[in-house]
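One structure is given below, encoded as structure tokens.
The first chain written gets the first letter, and so on, giving A, B and C; residue counts start at 1 in each chain.
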Amino acid sequence: MNPSRRSLLGLAAAFLLGLSGAHAEDKFITVASTTSTEQSGLFGHLLPIYTQKTGVQVRVVALGTGQALDTARRGDADVVFVHDKAAEEKFIAEGYGVERKEVMYNDFILIGPKDDAAKATGKDILDGLRKIEAAKAPFVSRGDKSGTHAAELRYWKAAGIDLEAVKGAWYKETGSGMGPALNTASSMNAYLLADRGTWLNFKNRVDLKILVEGDTRLFNQYGVILVNPAKHAHVKKELGQQFIDWLVSAEGQKAIADYKIGGEQLFFPNAKK
Amino acid sequence: MSTLSEAFSTSFALMGGLDAKLLGIVGLSLKVSLTAVLFGSLIGLPLGAAVAVGRFAGQAPVTVLLNAFIGLPAVVVGLLVYLLLSRAGPLGQFGLLFTPTAMVIAQTALITPLIAAFTRQIVADAWREYHEQLQSLGAGTLRATFTLLHDTRFSLVTVVLAAFGRAIAEVGAVMIVGGNIDGVTRVMTTTIALETSKGDLPLALALGLILVGIVVVVNASAHLTRQWAQRHYG
Amino acid sequence: MAETGNGMFPLVMCNVGFAAGDRAILRDVNLTLEAGRRTVVLGPNGAGKSVTLRLLHGLLWPTTGEITWGGKTAQPTAQAMVFQRPVLLRRSALANIEYALDLAGVPRAERTDRATAALARVGLPHVAQRAARVLSGGEQQRVALARAWALAPRILFLDEPTASLDPAASREVERIVADIAASGTRIVMITHHLGQARRLADDIVFMHDGRITEHTPADVFFRQAQSREADDFLKGELP
């Protein structure tokens, strides 16, 4: 009885050491980012290049933009890498971020069923949304305060539609990430607004296709911000800044442009020189 | 149907290929959940037995709480641990959020009530049978507690296994406190959630099949051990 | 520990009452037990025999009155009890006895020898390494007796130790109890088996409805019970 209990404790200690020791030596930063950058596979392409060059591991926690900013507000990330300009500027104004740098953009696309019963297909996103609303065709919204959700709400407003007034069974708020929302839309054959990266990497499309794309209003700007060390003293200032500087450098920008799925470029670097 | 058959062939291909990345994910899952089970047992077994054997005020409410906490949603546990470990939280200075240690803490919090509650039930039943004899032999409360734990060990194995099953299969808590970071805190369940998000349902299902396989193997070996033990010890 | 047996006797119950909640189980029980005898407690179900034994052994505390050992109220440790159903731990027969010796404060070095000797005295040296819980009912009760005997008690309480055993196993238990008594241990035993009582008892305590109606030498009791209740009991029980 006693020896077995002692060996159990030894085992426990070994487990703990194994867990904490695994990465204790590594230099790393924590980046709060969006599901679109993670699920599109961009980070899977970008981060190994960076880690190989600098020896710094980048740990990405993929959340909606709103949640990512909140995580940083609590001090649980060193860098945020998101896509909702208004929310990012508010974040900086509150003193949580040092400086916002534009990194790249991708674009949103309007997805819908192949037969497009609402006749939303076209070159104008606002027109497409108006037709969906007029037909009360099923529309899936992220409803999760993400950057994509914020963009969608902006488009409804710009289209002159008061969502609160016209909301009904046709408008479904899922409160989920881009992928789950796409799964929901494909199972209900519904319309939705998505980012191109996640769409290109998404496999469960069933009868969905792109209906509206290329409208300049659909451009989706990504920004990167160092969390303010004045608010959270443990923020890894140097390592975080080093990552940001690399993203906007010629080398980082090229790495972003190089990421393609099926020959198609997903993100377009546009950092200011 | 095609998704299902694809999932089966994918899972066999994954297991056959012994993909290093997959092994890493499976390994981390096992490491995190086994560690949580270890700590959960070190706390839950004596706690459950003490509640069964001890005589103290508040025994009934403690029992009710333990039983109620079995049903605690993993997401709630995850959220509480997140708030504790966050830099803005009381244990923030240790920087444990988004590490495997955070996942162990969350899973331990999740399964300790389960282990304690079932242990309490099993030990209380044994205590009814044993208590006059142990009292007659002069065993104090502490000694009686450990004697009962030892004597009900084969039943308690089942309890610990159930806890392991809950730990390794849950996704809500580890997603929140681990962050599903590639290569650091990505375990089987969070990978399944991620692949589902990407719409790669066959891969998600294939990973699920591997998860079920592991749980079945662990349970089968424990079942056989228990049968053998019961024949030998009664 | 075992030597604290000096000065244990007489064991005296003085006006002892016991109640479970509102229900009185024992009332005004007075009993004096001297050293070195074999006492059998008889009486119908519900008479309070088991409670009396548990009060004497210290598993229960009297609600009223007091129990004294050689004039003192402290419970001596040189005593043991065997129950109707033996409760053995999930380990070997030998380890069960060693466990009891450990609790009694016997040094580790002596335990195995004493446990082995105790098993030999009950005729079960060959089961030492067998798991106790897979032994037959009779063997389990004998291991329980060996466990009690290994403690070298000055007094041994037995609560219907043969009630769930077949006749052969019962006789074996009876023989062991006689041997334990011959080794100098005082016996207090409850039984429903009158033949057993005749063979084992030096004196009889008869209980009815929470009281002791008589405490008489066994030969007197079986020739002519002194209390009306005992007389009825014997007439009803004997063919």
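Here is the rule we go by: a contact is a pair of C-beta atoms (placed from the backbone, for glycine too) under 8 Å apart; a residue touches a chain by one contact, two chains touch by 3 or more.
Treat the numbers as computed from the prediction; the structure is a model and nothing was measured.
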item	value
Category of the chain touch graph - line, ring, star, complete, other	line
Central subunit by CA centre of mass proxy	B
Between the pairs B-C and A-B, the one where more C-beta pairs touch	A-B
Centroid-based (C-alpha) most distant chain relative to chain A	C
Centroid distance [mean C-alpha coordinates] between chain C and chain A, Å	78
Separation of chain B from chain C, taking each centre as the mean of its C-alpha atoms, in whole Å	46
Whole-Å separation of chain centres (CA-atom averages), chain A against chain B	32
Residue numbers of chain B (touch at least two other chains)	150
Residues on chain B engaged by chain C in the complex (per definition of touch)	129-130, 132-133, 135-139, 143, 147, 150-151, 153-154, 231-234
Residues of chain C defined as touching chain B within the complex	54, 57, 59, 77, 80-81, 83, 87, 89-91, 99-100, 103-104, 131-134
Chain B contact footprint on chain A (complex, rising order)	1, 8, 11-12, 15-16, 18-20, 22-23, 30, 35, 38-39, 43-44, 47, 57, 59-62, 73-76, 177-180, 182-183, 186, 198, 201-205, 232, 234
For the chain B and chain A complex, residues of the former touching the latter	31-32, 34-35, 38-39, 42, 86-89, 92-93, 95, 97-101, 104, 150, 179-182, 184, 194, 196-201
